[in-house]
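Each structure below appears as structure tokens.
Next come two complexes built around chain A: one with chain B, the other with chain C.
Take a look at the complex of A and B:
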């Protein structure tokens, strides 16, 4: 009886999960377990979870029930592809050459984050991608989610000195999928390296998707990440970038299209620890029906990090009276010779522009669609991979024709 | 072409048009002049179907159809075009992209197939010449960063592309220098045919030196109080509107 009373929400959740088959060091294991035993399940009282409620996680049955994935497809052509089906690496259709998939022991990393601890203890796939040369190899990881289950990938990306690489994290869920996706991605961008990550979150309508990226950038490196939460019940992205070396460039872009009762939360942190760096962040989205969106962007400029140029912008368009947005851009600057700006706007489509377009013969629907595409187009212009850009463009169009 | 009969219209409960009657036939150019506040822009707005305006009485028949029953886009499909007094800037939407969508939706409404990319580009080249619009402007975002003159030329360019039956030009001359005025007028004149018509709304006579109207109407206090030929416009330029006001009050 006592045991039942002291059960936390994490305990209830853990009962539905199967412990990982991957080898974990004693140290990481006990740290992760310790974290989970003492961690408070997210509530409104915790600042970083103030507007995002994940209680629904415990309502997911995760019983493996299947739903069809009608439009499963990779986004890129002619690239190296790895398929992760319902959380597990699939040898079929995958090309593992140069990719690490078998482990004597998972790297000894455990972040101070209860969902990362959960990811480690219940990891369903561990994979390491390494880029060693300047060829800009493109690797697409396709996550096909057709069963209602736990999908806990642990991804390590390493872009070696002077190497160039592109990773596409392509999450595709069946329309009614009700999975719990929980991803930890660890990224190391070494000196003079150039890495681009494109993340597509096209999840099933009842899927919860919690993802964290931990990025370290060394001197003279370029890192770009484009995030596209396109569908799903709940999507939470925590992007943490440490800029540890000087002369770095960091680009963060996001575009989201929310409708129904979807909730999307993008938390980003870029920490400028040293001088002479540039970062630029642009997140834009449209919110329809009763959907809700949260944006929290933090930029730190540490004491000796002079000559930093950091720009951040979040813009939202509400298409309904019932949608809502909580946007909080934050700058914390401890250096005195920097150029930083941030801004956030939330509004509606311009009625005058809609009338103008209709007066030329466009229906109200196509007028709105044209304006929304133009609004999100600013983000797509930042995407250098043509396959990703055209896929997301098509998805935005589909979003409106549905 | 269009028959406006005894139209009363208000905005936010305030009556602006108080029994306006006007008939325009194919091949005709009508000028509507009048002092500020007479209801000139209200007329343009109700023709285009701005929802803020409420027509409380009267009727408007356009090509045999009840215009007031049509949505704004259906009016465009039927062949009505409004050149805006203040063209709207639409960042991110390219002029040509939006015009292709407009042309195709109009064609679709008529049961016609979409225009081919080749024909469309040929049309853009041909029509942008009429208003001396740089082809670069044609592909830029709609009116974004355009000068006042470029915006008005872009309106006439759109008009040329859409080839309407009835064009309503709402104070197209406002804010134009003499060169831009000449170009805009040249565009309007070159589009004139026996099958279409225009209503030119203006405050000043100046534009009518270039676009010669068949009829000049004076709109005052929500009604057309005087109709004449182009000489009436010259008289108004010379004497102002006060004598019209006095004449109306006496009458």
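Take a look at the complex of A and C:
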């Protein structure tokens, strides 16, 4: 009886999950367990979860019910592809050459985050991608989610010295899918390396998707991440970038199109620890129906990290009476010779622009579509991968013609 | 030599001592140290308050007991021990002064040191001053002139005695006693403050001004201000603070409530220069203030603040834009030096249609200080065509201070337009170069740039106050300003 009374929301959630088959060291296992035992389940009282309610997680039945994936799966043409079907690596469809999938022990990287601890303990797939100098590989990870289940991949990406690489994380869920996706991605960008990550989150209408990326950048490296939360009941992305070396460049872009009851929350942190770096962030989105968007961007400039240029921008268009937008761009600066700025706007489509287009014979609907596409187009221009750009462009078009 | 570098400026700033540090030997009457229901009853009895006010205090105290001190602000300090504070201190005098000649000469001297002698004020500016020394108002001038217009401007305790219906109807309606930890504490133990009522359609002919001052050692000051502008009226209200030098931390937890009824306008200006602590960060005033204004239809509330003092500042003058077409404004200059910490900003709550708000915040950090802007812009569902513009700039003077921006933007209406922008930088070398190549010395150039940087806000201050604001800025950043 007492046990029932004292169990936390994490305990209830854990009962639905099956422990990972991957080997974990004693140390990280007990650390993760300890973290979960003492962690408070996110509530609105916790600053980082102020606008995001994940109580719905416990209502997911994760009963394995399945439906067919009707939309496209892979979005790229000639690239190395790895399929992860319902959380498990699929050997049939994948090209595993040069990719690590078997483990004697999962790397002991434990973050102070309860959902990362959860990911470790209930990991369903672990994969390590390594990019070496001279290869210039593009790897697409395709997550096909057709069953209502727990999808807990743990992804390690290592971009070696002077290497160039591109990773596409492509999440595709069946239309009515109700899964719990919980992803931890660890990225190491070594000196002079250049890594681009494109993340597409096209989840089922009842899917909860919580993702964290932990990125470390060494000197003279370039890291770019483009995030596209396109659908899903709840999407939460925590992007944490530590810029540990000088002369780095960091780019973070995001475009989101929300409708129905979906909730999207993008938290980003760039921690400038050393001097002479550049970071630029641009997140733009369109919110319709009863959807809610949250943006929280944080730029840290540590003491002695002089000559930092950091820019952050968030722009939202709210289309409905019932939608809402919460934006919190933050700057925390401890060095003086820096140029940092941020901006945030929330508004609607320009009536005059709509009138202009209509006076030239466009219907109101297509005029609005055109303006929205142009608005999000600014983000797409930042995407250097042709396949990703055209796929997201099409999805945005579909979103508004539906 | 005419060569004045930023490093020298930084050094000068560090060595700048607090200029208003002195105490006045006025006998004060205090009550036992500590806080409990009996103390609250004692305060209430001493002030001969009606029973409803005592009940209000006790309710607030009981609510306060259940609250915990918030710690989300970007400041660090040793939490005050609420049982070590004396909650009541009144200068010992039983009769009210009839004229200024009766006032204790020492107190007059205090005011002379502050540069705000009433004589001068009366003669030169025509400002009515309600001088609050240690919680009890000792002088109110220009009362008769205001009376002709039906304006009530008096100490809070006087208002409780003479206009209980007004006080009872409005007190706590904007900031309820359960609002937050420090507002609850204030509601329980407030000793005095100011009360102001402007009747329908009256335009107050002069700037109403109150000078607060913490004096007796170890007494927290819990002021309460209530300003009511009735339909179609206008008032400009000034509040300024200077505090004597002390080693122990003093707590200042004031509550300011503004109510602008239909078509009314309130302009509330503050110059704050409580003791900021010495250059090692020892001592200084904790300034935890709750300020909020309510705008009815077509009303306007404008907050202007120049914050140069206090070891820890924690305040967010806010506007609740309840009525349609109402306007809220917030202009702020916050200067921190040495080990000062400031977490300040505003909240603009848009409830009515066509409501507008403007936020201009300028932070200047020097020494080892931390200066944060924290603001909330909230557009509610029915706030059609709401409009907000925010600009928060930070200027860093040394490489060991910090400047932070935490804006919260929440929008629930598709017709709203919200803009927020913030920049952080130091004085540009190109700006300095431009000035210098036109024959302006580096020192003058820095002064010029800092002045220009704050100008948008300083321009909002009433003439009489701008002088004082400049004085205080000069003290905080002397060497760079003129």
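What we mean here is this: the second predicted complex is superposed on the first by the 399 of 402 C-alpha atoms of A that agree within 3 Å, B and C clash if a C-alpha of one lies under 4 Å from a C-alpha of the other, contacts with A are read in each partner's own complex, and residues count from 1 in each chain.
To be clear about the criterion, a residue touches a chain if its C-beta (ideal position, glycine included) is under 8 Å from a C-beta of that chain, and two chains touch if they have at least 3 such contacts.
Everything numeric in this text was worked out from a predicted model, so none of it was measured.
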Which of chain B and chain C A:357 touches, first, second, both or neither: first
Comparison of chain B and chain C by chain A residues contacted: C
Chain B versus chain C as contact partner of A:370, first or second or both or neither: first
Which of chain B and chain C A:378 touches, first, second, both or neither: first
Partner chain in contact with A:205 - chain B first, chain C second, else both or neither: neither
Touching partner for A:334 - first (chain B), second (chain C), both, neither: second
Complex contacts: residues of chain A adjacent to chain B: 350, 352-353, 355-364, 366, 370-371, 373-375, 377-378
Contacting residues of chain A [partner chain C, same complex]: 47, 51, 303-304, 306, 316, 318-321, 323-348
Contacting residues of chain C [partner chain A, same complex]: 72, 74, 379, 381, 394, 396-426
In the complex, chain B residues that touch chain A: 48-50, 71-73, 75-77, 81-82, 84, 87-88, 90-93, 97-99, 101-103, 105-106, 109, 141, 158, 162
